[in-house]
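Take a look at the structures listed below.
Common to both upcoming complexes is chain A, partnered first by chain B, then by chain C.
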Partner chain A sequence: MQIPDYFKFFNKTRIISGKKALENIPYELQSMDAVKPLVITDRRSADDGLARVLINAYGDSGLVIGAVFDGVTGYPSTKTVLDAAQLFRARGCDSIIAIGGENCASVAKALNLLASYKTDDLIQFESLPDNMHLYPFAVIPTSGSSGRETSTRSVIDGRIFESDELMPDIAVIDPRMLKKRGKTETVLPALRALAEAVEASAEDVANPMNDSFAFASIQLICENLAAAVNSGGSGKAGLGLANGIAISGIVWSNAPEGIGSALAEDLAARTGNSRDLCAAILLPYALDYKLKNTKKGVRGELLLPVAGIDRYCAAAESDRGSLGVEAIIKIVKDMGKYMPLTLKELNIPHYILESTAGAVEDSFAKQYGKGSAMMILESAYNGERVSGGKK
Partner chain B sequence: MQEITGTSNRVLEVDLTKKIFTVYEVTKEDLKLYLGGKGLALKLLYDRMEPGVDPLGEDNMIAIHTGVLLGTGAPCTGRFAAVTKSPLTGIMTSCSCGGAFGMALKTSGWDGLIVKGRSNSPVYLYIDSKGVEFRDAKKLWGMDTQKTQEAISKDSGGALAIGPAGENLVLYANVASGHRFLGRGGMGAVMGSKNLKAISAKGKEFKFLPVNQKKFDKAKKKATDYINRNDISSGSYRNFGTNANVNLNNAGGLLPVRNFTGGTHGEAHKISGEEMAEKFKTSYSTCKPCTILCGHKGNINGQVRQIPEYETVGLMGSNLEIFDPVKISDFNEICTLMGMDTITAGGTIAWAMEATERGLFKSDLKFGSADGVCEVLKDIAYMKGIGKDLAMGSRWCSKKYGGEGFAIQVKGLEMAAYDPRGAFGQGLSYAVANRGACHLSSTAFGLEVYLGLMDAYSYRSKASMVKYQEDIYSAINSLQTCVFTVFPYELETMLMKYSPRPVLKFMMNLMAGVAMRFVDVSLWPELWAAVTGKRLGITAFLRVGARVQVLERMMNCAEGISRKDDTLPDRLLSEFRKCDSKERAIPLEKMLNRYYFVRGFDKNGIPKESTIRRMKIKKGKVA
Partner chain C sequence: MNINKYPEIKSGSKLIKKIYVAVMLWIVGRAIQAASRVDREVKEEFNRLSDDFMMHLHVLPSGPGMIVGKDKNGKVKYMGWNPKGKKITLDMKVKNIEGAMLMFTFQESTCVASANNRLAVSGNVPDTMAFIRILNIVETYLLPKFITSLAVKRYPKWSQMSPLRKYTGRVLVYVRTFTF
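On to the complex of A and B.
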């Protein structure tokens, strides 16, 4: 096992997954001296009856839900957080449960800051200390969650709040909360989560703790993706996928940003395409580039979670890295029925690629220059394998 | 004065880098397919510009075209069109403008003008029948739009001029033509980036005669009669200007209030056209020739000033929660002199006010207070202090500071003063309008709220209606006449005037696509045909409009526009207002799917090959 000279890893989130997982929540919160949570969710989840499912799960616990706030929209705003904070105080709540995806979790995390520090000024939290005393916070990911629910980040009005303490205390993954969604809606966040987990473990500075989480995430996503797409993110495969995605958020919080993610982020901001989509398209090309054009290539260990123990053992050590990359490429390609596979299909004008390559150059100057970024982008644009091949 | 029968068909191509000009003669085919005005200007750029051009670089071009009707005396034809790539949005923008310049250019013997390159020092163009002179503009540089026009008026029949905002490359700097403007998208910045301070034309060297004078006179009389008997054109707009819309919008929940968080306000009447007419003792101040007479001036604080138009009153008044018409006039004056789009300025300042409230942005701006607004407008024009960032528009600012959900813009262009949560068809219109959140692409709110012919809260038939309006407005802007002629020329026809209202409502709500075919729009092509001597039927006329729409969309798609951009800000899709107790959400996706179908676009919003062929659009620089 590769141990770097120095590494850090933090995870605060306990994951409870499976049948009737929700029923554990009252007990878990009570163990943190919390008895009256505010539920934060969005209209879609509320209309799907998910808040009702949670309330029913509270059933015989003897505890009550303080209130349900379903005002989270596609854009988490300060106003939404303030409205939630007002309700939190008015009902005398002492904990928070977020039902939904990234936006609900972001609002819940920001709410936790305001509620815990008894303020309405979010701006004072521009830089966050590591030791904060926040209210107990549980997250219940639903279909289409992206993994950021379990991360250290909250984004409100485009402003980023980041701290280890913002991670939820518990993540509860219950099949009843994984309603059927469209195939594309299931694929894209899963592939983005996969991209982040793969990049985290493919980096030379990966550490053994993050590796184990990353490999778990990769394995769960790869094993369950195809079946989960068919079931719209519900059922057993959906549960496995949701677990993989939830773990990816923890991985993401503990790893530096990879070149693929950085390019995806910039491209998404520049073109208005979704971040998930850009990340999904760029993943195979970023990996392909790393395999063929960097000194250390891609670690052979990647093949294990992607392809399974049999294929891993059967492969020669020197081939494992390239086989791992090939397997990832195939996984993404197989999803081509549900998403575009090239940047060209997104109608991104070619001249935008240079701007994106230039924008990420500074962050990756040591490992990847503008030329490298352009190679990845060009390949992703045309759908062609990256050229090169030291290995 | 020499006479031209029909049109000169000559376009000047000016290269500012080399300081030369050439004469281009528009082909018969392009004239037939694009008519003139907006359509032809767009086509001229389509043939010449590659995608990816830097809007503030030398390779960007401005195309101006006067259209066939200008100079003939047909009512409301004192307008011309201009097209360029917008620095604010990064896609094509087109504007229609009044003022004296169009007439001066046309009567100097030129139908149009294309400007490219960049002068190495400030310059202005002087145009007469002989061609173009490149005159030094160093002494003009720094002058406001009105002083600039005055300074070059000696031998000029009309001029375009930029102010300090254009010189400083404010992304929404506009271009003045008298007291009218090429308003949206930053044409002023494009001129500024070329060191082009002004364009002046001598005028009165040619007069234009229709090929068929008798037919023309008949059509002109009919047009004038329609205008003079229509309630909107000869009533509300003539008497109160576009601010006649204030009370209507307030009643209909369309008025933008506090950065589009509200749709009505108890003090709205203070900024209505009716009250301003009385308060400022207004009189006419309009484009020439104009029969509608919507433009007004008045006595404001001891000065004679143009009365701000409705968009200014909405975006710099109610949207900032300011209901003092004198203050709004002050803002309008600064934008006029500096040369800035009041819609984008108002929308950006509203964003800044809300972002300040939320702690995302530092400023002294506050809703409900005019304090500091004049100073900020000047700071924007001179790119100083917070003005430097605000000069980039609300989309850019919200990406830098946060608050994207309440930057009320589409495709980078700030929204006009009609809240689409009170008129769902207007929501579709904003989402799909080629230049961004433009209210002049299709005025769905007119049918939905003003005339009450369509259910404002239904998605039914809205796609067909929006498509139809887009086509007809693009066709009108290619003739060109003022789009306000839509009210009299359509509503005064037999069918619209005498059909029972319930029947009209039924048809419009359930089969707008069919109903629109029965609307008599013959007056516009009649005027065009009388001037040119060429045939132009109604179908061909509407097909021109459709062609121009598709061409513009193609050029935008080459810049990356697709379905993801045909949307509305999060506030308008998921926040509700107190004036709507039923909390009705705009069903945009449904309307969009249908719109793409009727437009002949694929599900990603890209024109299909079959559509392009049907529109007879040949391959140009755009792939």
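On to the complex of A and C.
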């Protein structure tokens, strides 16, 4: 196992997963001296009855839920955060529970900043220290969560707020909260989480702690993806997938952003397509590029969580990297029934690809070589394997 | 924003589940007392525990619970549910009523429940382990094999508990549990 000269790993999230996991929330919050949470969720989760499941789980705890705020929309805005903060203060809450995906978690994290510092000015938090004292915060991922719920980041009105302390204290993954969703809704966040976990375990940014988390995340996603898609993200496979996705958020938070994630992020912002979709499409091409055109290539260890111990042991050491990439390409291709596989299918004009490449290029030129971003985007646009280098 | 749109929500009550667990705890508590008089192994386990041993197994946040401990004469007694005025040496807390239901409906054995972090224990680890062993023996007496197998890690083999010992013990434990 390689160990870098210097590394840092941080995780403050306790993951509680499985049968009746929700019932632990009152105990866990009470152990942090919190007795009255505000629940943040979106309309869809509320309509699915997820808030009701949580309320039932609170039965017999003797505690009070401040309110269930279901005003989170597809675009988390400052107005939503301010509304939630007003409610938080009016009800005298002392903790936050977010039910749902990235948007609900983003609003809850931003709300935590406002509530903890007793202010309504979100702008002052654009640069955050890592030693803040925030209210206890629990997140309950649902089907379609992308993993960013457990991350250090909150995005409100396009502004990024980032701090280690923004990670939730608890992530509760309960099968009752994983309702059946559409196949595409299950595939896209899972592939985005996979992309981020794979990039975070790249050789040049890896450390032993993050590797172990990334290994678990990649393995859980690869093992459960196909079955979870068939079950609409619910059931045992859905639970495995949700765990893998939740862990990916921790992994992502402990590594610098990879070229695939950065391209997906920028492309999504420019085109209005979802980040999940862009990341899912770009994953195989970014990996393929890395394998063929960078000095270090792709780590051979990737094959182990993706394909399993038998295939890993059967492969020659020098082939493991490329086989790992091939296995991931196959996983994405198999999901082609539920998602577009090229940027062309999204009707993205070429000038946007150039703008995205231009914006991302500078940060990665040294590591990946000049023109790398455009090459990945071109390949993803045409659906052709990346040409070049070693193999 | 209209705050009244988002009312406060009081947690409900799970009375039936609480009653069920309370009854189970009462039976188990009484059965432990009975088994300590009837079964050699249970007796030995208790002998190895300190003279002031007092175990409180209860469900958070507000019960039900049971207390089993040694009295002044060193006899094992079921001491009800109220810990007031008692010096608890081993405090076993089930974190919520649903966790207790999983345990007492035998969907999860004590070991699995511990592994699933459904219990919080304050006290000595050896005392806890001894108590779990006692609980396993008592469950073997109280319940038929197909249920006990779900509740304990390993159902005792013939060599560990002969049918004669099991059935005589079962009758005696039941008689003592429900009579005196």
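Points to keep in mind about this one:
To be clear about the criterion, the second predicted complex is superposed on the first by the 385 of 391 C-alpha atoms of A that agree within 3 Å, B and C clash if a C-alpha of one lies under 4 Å from a C-alpha of the other, contacts with A are read in each partner's own complex, and residues count from 1 in each chain.
Methods note: a residue touches a chain if its C-beta (ideal position, glycine included) is under 8 Å from a C-beta of that chain, and two chains touch if they have at least 3 such contacts.
Bear in mind that the values here come from a model prediction, so they are computed numbers and not experimental data.
On the superposed chain A, the positions of chain B and chain C stay apart, so the two partners fit side by side. By the touch criterion defined above, A:346 lies against chain B but remains apart from chain C after alignment on the C-alpha atoms of chain A.
By the touch criterion stated above, A:64 is placed in contact with chain C alone, chain B being left untouched. Contacts of A:87 after superposition: chain C is touched, whereas chain B is not reached. Here the vertex is the CA centre of chain A, and the angle it makes with the centres of chain B and chain C is 140 degrees, a multiple of 10.
Of the two partner chains placed around the shared chain by superposition, neither chain B nor chain C is touched by A:164.
In the superposed model, A:185 makes contact with neither chain B nor chain C. In the superposition on chain A, A:361 makes contact with neither chain B nor chain C. Of the two partner chains placed around the shared chain by superposition, chain C is the only one that A:23 touches, whereas chain B remains out of contact. After superposing both complexes on chain A, the closest C-alpha pair between chain B and chain C lies 10 Å apart. Residues common to the contacts of chain A with chain B and with chain C across the two structures: none. Contact residues on chain C toward chain A in their complex (touch as defined above): 1, 3, 6-14, 17-18, 60-62, 95-99, 102, 116-117, 120.
Residues of chain A touching chain B in their complex: 43, 73-75, 77-79, 121-123, 156-159, 269, 271-274, 346-352. On chain B, the positions that touch chain A within their shared complex are 51-52, 358-360, 398-399, 401-406, 557-562, 564-565, 570-571, 573-575, 604, 606.
Chain contact summary for the complex, chain A toward chain C: residues 16, 18-20, 23-24, 26-27, 30, 55-69, 83, 86-87, 90-91.
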